[in-house]
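Each of the two complexes below includes subunit A, the first together with subunit B, the second together with subunit C.
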Partner chain A sequence: MIGVLFAVALRADPGAGLGPADWSAIRFTVWQAILSASCSVLLAIPVARGIARRRFWGRRVLIALMGAPFILPVIVAILGILVVFGRSGWISDLLVLMGQEPLRIYGLQGVVLAHVFFNLPLATRLILQGWQEIPAERFRLAAQLNVDGPSMWRLLEWPMLRQVVPGAFAVIFAICLSSFAVALTLGGGPRATTIELAIYEAFRLEFDLGRAALLSGLQLVLTGLAAFVALRMAIGEGFGSGLDRPLRRWDGQAAVARGLDVVWITAAGLFLVLPLAAIVLSGIPGLLSLSARSADLLVRAAGNSLVISATSTLLMLVLVVPMTVAIALRPLNGGGVLAELAGLLGLAVSPLVIGTGLFIVLFPFVDPFALALPVTALVNALMALPFALRILVPRVRDILARYGRLALSLDLQGWTFMRVVLLPRLRPQLGFAAGLAAALSMGDLGVIALFSDSETATLPLQVYRLMGAYRTDAAAAGALLLLCLSVGMFYVLDRGGRRHAET
Partner chain B sequence: MLKLEGCELQNGGFSLAADLQIEAGQRVAVIGPSGAGKTTLIEAIAGFLPISRGRLIWRDQDLTAMAPGRRPMAMLFQDSNLFPHLSVAQNVGLGIRPNLRLNATEQAKVQAAIDRVGLKGLEDRKPAALSGGQQSRVALGRVLVQGRDVLLLDEPFAALGPALKAEMLDLVAALAAESGATVLMVSHDPADARRIADQVVLVAEGLAHPPVATGPLLDNPPPALKAYLG
Partner chain C sequence: MKHLVFAAGMLGATTAFAETPELIVYTYDSFVSDWGPGPAVEKAFEATCGCDLKLVGAGDGAALLARLKLEGERSDADVVLGLDTNLTAAAKATGLFADHSVSADYALPIAWEDATFAPYDWGYFAFVHNADATAPKNFVELAASDLKIVIQDPRSSTPGLGLLMWVKAAYGDKAPEIWEGLSDNVLTVTKGWSEAYGLFLEGEADMVLSYTTSPAYHLIAEEDASKAAAAFDEGHYMQVEVAGKLAASDQPELADQFLAFMVSDAFQSIIPTTNWMYPAVTPAEGLPEGFDTLVTPEKSLLLSADEAAALRDAALDEWLTALSR
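So, the complex of A and B:
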């Protein structure tokens, strides 16, 4: 990975310098990321709070759904968002009926809307996990002390949020900094171009490797700073140990609290469900009217995507477990710094930046286009790594703090410790991380867009090509297939991990 | 014989001197004011706290630099003595083989230990489905199969009621008598010491005193202990 970045640095062409277009790309990139991250996190707090303290019909489905937009292939989600919020979408149709102007989705508002759609659920899940990591015993104690409302906020919720929210904000900010597909479809033009999009254009349209490398370097510095801040924010001492008692809540039973929770959960649910429903509604007729040739293309692309996804998930798991342990042991073990640095790079380095670097490295030796699929699997695994680390490290730290001495006194060490203590206690988080990795890889439209020739395609790329060719029905069919595969893989893995664990 | 030779133990800014010997097979209570270093002493013996000066010796073997799990010692902590995701039988089985790959003989040994601590029929329960007393019994079952020479107790029964605590202490005494183990137990309750300990190590004012017979010491306490007992 370091080598790849070195190649980028060597190839960067400073001669041209940064033009006004580049500066405006930088400004736009940062501004939309701040807006997107703030909206996502602020809206996520009441939603997560409601989900954490209510038990209602469909709660499990909603939580699984909260994973969906994030793991949703970007191209599919954009299709859905356009159907709902687009100029001739459902809401615009309503507005026009009422004599109003239709929505204008292209530009800053569209980019932020799409980012909030993707990241509100991520923020909700991250914050919800924070809520769930408060042991059931604490809520029992709080109920016993008749703690409710503001006191509950001060006693348990605010300390937890102070620990979780800055990290969530920073991660989402960093994700939005390297937005590519959203900017490609909803942004564009001089006023709404991100750096990533500029890299792609330099690479594919102008084939100016020097400029692509320069922009990659710029992107790297920016996201590197953001990622550095994000990782610094993972602090806090946890909430002590419990005995895995089933979670029950006694607080927040007042009518106002219940009503507010219902409103927040319903609003968030609709915001997430409508675009997904739109994909299903337009995808089913598309599937039924599919020609044999299109069907063959889609099936072959889906096969490629499944293989890439499985490979990159396995690769990620093999990489992440030792890294997590190394980082969690960091105060005792200097080697952990390297592992954390690698995670930081994973967060800071976008697929397009790695893609540009790999292209520069491979170009003199082999035909980079021939390696499109393995390269995509590798890059996907690296991309999933920082998310997996963020999910696993705090949990591993907790496990080591709680059971480290007991394990030492029983001479539980090395692989035996992993097998008997660490992996079973880590299972829900491992399942979640593997689910994310599989689905992210399934829907990735980054590296493959740089490396593909006209022969090879993954399913997202095939959908993008069908859209570009105005074969809307076939694109919708492919999008529905892609949606089912991504969500299915995530659901199976995440569910497998959380089986028997309180959700 | 367990020997602490000119030991100095440091825990944060706090330091404790210990130069004492404990006969094998004795049951010794470690008592003293809160914050005097009782837990520090036990943790240093167990190997969780490095001994900054001096040597720790058991039966002519120098343990000073040995890893906690390799020492001939079993320890029960104040809390978190069981893994919540493992069954009673597995938690006990860890005491024989940390990798839980037990042969038939070893499984029989686990079963015997579970029967001995009075948990017959609860082998497959998880700790959350047990009462506090039963959880303590699981931990003692594990100590039993570990078969170590020295048992270190850092007030593992502090959360139990007086009757239950007395029951556990009696069980500890009985198990130790059967196996001939040496017991070191931290306590803040002189009644615990009278109940099962032959000797008492008083920890006060930065010093762990050599053990003395329990009855006479408690009947006629020196000033430091008197201040604590009130």
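So, the complex of A and C:
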């Protein structure tokens, strides 16, 4: 990532520094990112807690759907959100029927709403995982000692959250920092100019590569700072080892606790499902009236997307396992933080800059168009790395702490250690990370748009092209297909990882 | 590394087997898309030229130019098709283009005298609304109304920049006041045309910045007469889309041949119902049925390439100031 940025900077002419407009863009960007990340994480805590301790009908589906918003092409997600929350959306219609004013979504509230829609599910999954990593024996012991309510919070939940929440915050902050189309569209105009938009302006209108690189560097620094602070706050001991027994929960059976969980899960579920339902509903008529030509294009694009998605998932797994072990071997507050930071930074570089940088690097040697698909797969794999690290590192750290000495005394090393000890215990996390990577790659529109010719379109690009050619119905059908494929891939990989686990 | 080797192999293979000359045309993405003019144009040109026409899509007009600047003289492109008059000054300044030899009887409402770029289609920017609603007659009426509009950001979108120039061309120094008046009508600003049009179709806004030819799509392709473009009496700003050949092209004759083909009937008759714009030269069979129902502005506005380039930064500042309040 740094190399790519460097390539853009090298090609640049010495440019001017930051103007007042840039500073106001920076202020807005940071402010909305802090708000969005805080809201996502804070709301995710009660939701994850509810999901962790309840078993209910549709729980698995809900967990699988949590991969969905995150991967939708921005334009599709925005339209889905607006069908529900827009000026003429479902809720506004209802309000008008009751004689109230329609919702006013355009503004900072809209930006945060959309970012929470994208990231609440991710935060919930990350935090839920924290709950799932508490060994089953701890809950058993807690039940025997009659620990519940506030004591449960103090003894088990709060220490776990202190470890998990800062990392989740850092990841989401990084995502929101490089937001552009969401912030602009729902922010209601140029008031909602983000750094990413300023990069676009520098690149497209002024062709000022120096400014583009400078602004992109700034995004990196901001993400780096936030992540550094957040990860330093992630302290606490692990929960010790368990016997990998199936989890049973005895706590939280009081009526109030049950009621609260129901409210949180229902609210989050509706918030998530309604816009998705809007996408599905608008996709069905399009799917039924799809012309053979559009269908053929969509299917071919879906094929490309599946190949890219599978390749980038494999690449990501190959990269992430050694990285995770290297990070986990370091002390919690030392070099490990730096290594994790490096992973996070990939999120903070704008796709436009990555694409341009890659272009500058590749162009002298090969035709970038011939590489459109492999490059996209590689970039997607790098983009998924930070998420995978977030998911895997805490677990690997635990495993090493629990079984490291035993393994050493048995002379279990290298591949044998991986096969016997590490990978079986890491399966759920690997499945989740792979599912996320696959879905992320499925929905990514970033780099391919800069490299693709007419034959190598991915599904999100094809959806975008359909919209650009007035084919709204066919685009909606494509979006529905994309949604199904992404959720499907996420579900298969995520479930595959947890096949014989209770949760 | 494996990818590089693989790709190098693929490239080697394709050039080794290429016996016919290859003409590479860089254009915007929607031109090459399956619904755009690309596929039909490719077929028609290849039928006459004995060559392989390769259309390469690179984002939109502005991204196309940025791409060309990145590649410089090493670019594989022989022809660039899809810049508009807001971009041609910057394109000419790169020194990468050679003069064309195209002459045609253009149907443009203005005289065309550019030695470097030849036009292939054009249209008027306009606000599109539902046909049953009453539309304002000009920007002043629009500003006074409580209609909500969606526009595109001039920093990331070609139509967005067109609107900026429209207001500037119509009102000159009074443009800031117009924007001030419009600021409460602007529901939101989007990254590109697709987002804005999508929002409009969802019913979020009363009007959207698009083209006078947009209703033709709904009428001809969907047999839906429910969309109309509002005629503004201060005139409508034009978008003229042009192509030019690169000085460093290794196929200069073929490039000339393509540009001549571009203004011929074979190419021009493809444009109206694929690019949904007016052809630069009216084909012998005339415009397709449905185009006669479109609004024809009484006055056409267009800043010259140099004026547009000179005014852009100031106009953008005015826009930002008015809408950032």
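As a convention for this text, the second predicted complex is superposed on the first by the 422 of 503 C-alpha atoms of A that agree within 3 Å, B and C clash if a C-alpha of one lies under 4 Å from a C-alpha of the other, contacts with A are read in each partner's own complex, and residues count from 1 in each chain.
We take it that contacts are C-beta pairs under 8 Å (C-beta built on N, C-alpha and C of every residue); 3 or more make two chains touch, one makes a residue touch a chain.
In this text, all values refer to a predicted model and were calculated from it rather than measured experimentally.
Once chain A of one complex is fitted onto chain A of the other, the partner contacts of A:G187 are limited to subunit C, with no touch recorded for subunit B. In the superposition on chain A, A:V420 makes contact with subunit B only, not with subunit C. Residue contacts after overlaying the shared chain place A:D367 against subunit C, while subunit B stays out of touching range.
By the touch criterion defined above, A:T356 lies against subunit C but remains apart from subunit B after alignment on the C-alpha atoms of chain A.
Using the contact criterion defined above for the overlaid structures, shared-chain residue A:Y200 touches subunit C, although it does not reach subunit B. When subunit B and subunit C are set side by side, the one touching more residues of subunit A is C. When the two structures are aligned on the shared chain, A:L412 is found in touch with subunit B, with no touch to subunit C. By the touch rule above, subunit C contacts subunit A in their complex via residues 3-4, 6-8, 10-11, 29-30, 32-36, 38-39, 55-59, 62-63, 65-66, 69-71, 74, 76, 90, 148, 153-156, 186-195, 197-199, 201-205, 214, 217-218, 221, 276, 312, 316, 319-320, 323-324.
Subunit A makes touch with subunit B in their complex at residues 241, 243-245, 402-403, 405-406, 408-413, 416-417, 419-421, 424-425.
Taken together, the subunit A residues at the contact with subunit C in this complex read 11, 21, 24, 75, 78-79, 82-83, 86-88, 106, 180-181, 184-191, 193, 197, 200-201, 203-205, 207, 293, 297, 356, 359-360, 363-367, 369-371, 374-375, 378, 449-450, 452-454, 464-472.
Contact residues of subunit B toward subunit A in the complex are 46-48, 67-70, 73-75, 77, 79-81, 83-86, 94-95, 98-100, 126-128, 142, 146.
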